[in-house]
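Below: one structure, written as C-alpha cells.
Order of writing sets the labels: A, B and C. Residues in every chain begin at 1.
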C-alpha cells in the first residue's frame, strides 16, 4: 500500500501534465504555450523525484526549465509581436491532427494494455531495490568499464561545443 | 667493374628527361641543348668504359649481390646480371613468378650500349644545329633523352617482361617524336599510325610472353636460354600441347616475333615506318634507322637459343625477312621523297639482318648468321644514321624532302656530298667500307644455309646498291636546279657537319673491327674469314654492276629512266604506290571493320543496350513526374505521412507478436 | 492502491499525443518546436519509468534520459538559431511561408 501523500501527489501531477500538455498545443498565444510547457516540464521533474531520481529531476529543472525555456522565450520575444495570435485552426487541420494523435494513442495504449510487463512491481517495492546516489552516477558517467558512459559523455561534450559554434555561426549578423 | 656505371648509364638519361621536361621551358635553347648533349656525352663515355671493360679486359664484374663474376670463363664470354631487383612477385601453386628490373651485361647488350649512345650523342649534337630556333626545342631534347633511356633499358633488360615495358616506352617516345610538329596534320596522323600499328603487334608479343612464361615459369633470359632449362619443360609439358599443327613453343616464339615485326617494320606491319619520316630528321636517324627499329632483331638475337629449339620459327623469320627485303628494295627504287627512300632502305636492311638470324644454325659456320646479323646491325646503325643526317643537312639546305628540288648539289655542299657518298658506298657493300664486311658475312651464312636464299639476298644487295646510287646521283649530279640562283644552298653548321664527318670515318673503318671475337651466339670467339671466291667477289661484282647501271641512268639528266619505267608501267606505278599496302589496310579497316563489323556493333549498342538503359531512365523520369507532388515543401505533411507509416509499422509488428 | 508502471505511462502517452497533434497542426515554427519538446519529454519520462519498474537495480534508462536532455538542449539552441535566421530572411516564422525547398 502506497502512502496517501504519494498517491495524491501522483494524481495532482498527472492532471497538471495532461491539462497543460493539451493547453500548450491548443492555445493561440505562443508565449502562453511556452509557459504551459514550463508547467509540463516541472511536472515531469516532480515525477523524476517521485521515482527516486533526484539528480535527474534537478537536471530537468536546471536545463529544461532554466535553460531551454528561457531560449524559447527569448526567441518568441525576438520574432513575435505580442498581439499576434495564431489563426483559428481549420476543420480539416484539426481533424488531421486529432486523427493522428488518436491513432497513436490507440495503438500505444493497446500495446501498453496488452504487454505482459504491465503487471510489474509497485513503486514501493521498486524504490527499495537500490538507492541512486550522486557518487555512483558520477563514477559511472566517467567510467570506461562495462556500463560506463565515458565515451557518450565525451561525445555529448563535443556535440555541445559544435552546437555552440554552429549556433554562433548561423545566427550572427552578416 | 661494379654496379655504379650501369646504374649511371640508365640514370643520366632519365634524369635529363625529367630536368629538361620539367624545367626546360624556363631554360634558354642553348642551355637546354648543352645540358642534353653533355648528359648524353657522359652516358656515351660511361658506356664505352663498360663495353671496353667487358670486351677487352680479363677482369670480373662485382654484381649487386656482392658476387665476383669473371667476364670470360674457358674462352666463353659470360652473361652477367649486374643487378636484378624484384619488382613484382606472384606466388602460385606451380612456383613463384617474379618481374625483375635489372641490367644484363653480355656481348650484344654491350655492343648495343655503344651503338645507342654513340648515335644518340651525335643526334643530340646534330639537333643543336638542325632544330635551331624551333619552337619546343627543349621538349625535343627531353623526348630524345626519354628515348635514349628507354632504348638503353630495353637492351640491358634481364628478363622479357622488363624488355616489354621498355619496348612500350620506346614506342611512346617514338610516338612523341614523330608527332613533334603536332600542328602538322600529317605528322599527327603518322604518329598515331606508328603507335597503333606497333601497339597492335605488341599485343601478339604480350600473348607470346604470357604463353612462354606460363610454361617455363620464368621471365629471365638467362634461365630461358641456358641449355637444358626450358627445353626440359617444353619437352614434358609443351610438346604434348599442339595447337593448329604447331607446338606451343613455336606459337609463343612466333607471337613474340610478331612484336619484333611491328617494331622492325617487317611485312605486313611495315606501313608505319615510311610515314614516320614526318618526324624531324634527327629523330628518323636515331629512332627509325639506327636503334629502335632494330629492336626486333635484338629481340630475336636475345632469345636466339630458344628460337634454335624450334627451327620452324626461324624459317618463318627467314621467309618474312626475305620477302620484306626484296619488297622494300623494289619500292625504294621508285620513291621521290629522299627520306622515304632511306626508310625503305632501312626496312630492307633490317630484313637482311632478320634473314641472317633466321638462317643461323650452330652447325653452319658455327652460327655465323647470328654474328653477321649483329655485325650488320652495328655497321648499319652507323652508315644509316650518317645517311639520314646527311639527308637532314640536304633538307636543311633546300627546304624540301624531294629529290626533284635537288640535283647538282655536289658543288654547293662538299662535306655533305663526300660523307653521303661514303654512306652509299658502305650500304652498297664496297670494299673497304664497313657494309662490305658485314654484308659479306651475312651472305656467307645465307649461302651456307641454302643457295636459294643466298642468291635471293644477293639480288637484294644489288638492288640496294642501285637505289642508293640512284638517290646519290639524283641529289648530287643529274641536273642543277635553277632555283639555286635565288637561294644558294650551302653546307650545314659545324654541329651538323661534325657528326657527319665522324660517322663517315667510322663507316670507313668499322669493318675492320674483329667483330667475331666479340659477339657470337654462344659467347665463344669466332674468327672471321672472308670467302673471297665464293661470296665476296660475286657480290662485289653485283654491287659494282648495279652502281654502274645507276651511273648510266642517272649521272646526267636524260630520258633513260622514263624509258625504263615505261617498259613495265604497271610495275613502276605499283612500286611507286608501295604495292598498295596502305590502300589494302585502309580497305580492311574502313570498309570491312568500320563499315561492316563496327556499324553493326554500333547499331546493337545504340538500340539494344542504350535502348534498355534509356527505358530505365524514361520509366524513372515518368514516375518521378507522377509522384513529385508529394514533395510539397510542407514539413507537417511529411510528418503526417511519416507518423502514419510509423503507426502502420507498429500495428503490423504488434499484430505479428500478439 | 498501488502506483504501478501503467499509471505513470498514461500521462506520458498523453503528453506524446499532444506533441504529435501540435506538430501537425501548428503553423508557427516556435510552436512546432514546443510540440517537439513535449514529445521528447514524454520519451525521456518513459525511459525513466521503464528503468525504475522493470530494472530497478540498473541505471541505464536514467543515463539515457540524462544524455537525451543534453542533446535536446543542443538541438533547441541550434533550431532557435535557425529560426532567428529565417526570421531575418523572410520576416516571418510561419511554416507556410517557408517553402523554398520544394520542387
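Here, a contact is a pair of C-beta atoms (placed from the backbone, for glycine too) under 8 Å apart; a residue touches a chain by one contact, two chains touch by 3 or more.
Computed from a prediction, not measured in an experiment: that's the story for all the values here.
Chain contacts in this assembly form a complete graph, since each chain touches every other chain.
Across the two interfaces under comparison, A-B and B-C, the one joined by more C-beta contacts turns out to be B-C.
The distance from the centre of subunit A to the centre of subunit C, with each centre set as the mean of the Cα atoms, comes to 7 Å. Per-chain CA centroids place subunit A at a distance of 83 Å from subunit B. Averaged C-alpha coordinates give centres for subunit B and subunit C that are 78 Å from one another. The multi-chain contact residues of subunit B, meaning those touching 2 or more other chains, are 640, 643. Those residues of subunit C in touch with two or more other chains are numbered 20, 24-25. Across the assembly, subunit A contributes 96, 100, 104, 108 as residues in contact with two or more other chains. Across the complex, subunit A meets subunit C through its residues 1-2, 6-7, 10, 13-14, 17-18, 21-22, 24-25, 30, 33-34, 37, 40-41, 43-44, 47-48, 51-53, 56, 59-60, 63-64, 67-68, 71-72, 74-76, 78-80, 86-87, 89, 93-94, 96-98, 100-102, 104-105, 108-109, 112-113, 117-124, 126-127, 129-130, 132, 136-137, 140-141, 147, 149, 152-153, 156, 159-160, 163-164, 166-167, 170-171. Per the touch definition, subunit B reaches subunit C in the complex via residues 628, 631-636, 639-640, 643. Within the complex formed with subunit A, the residues of subunit C that make contact are 1-11, 13-22, 24-28, 30-31, 33-35, 37-38, 41, 44-45, 48-49, 52-54, 56-60, 62-63, 65-67, 69-78, 80-85, 87, 93. Subunit C makes touch with subunit B in their complex at residues 20, 23-25, 32, 95-96, 99-103. Within the complex formed with subunit A, the subunit B residues making contact are 640, 643-644, 647, 650-651, 654, 658.
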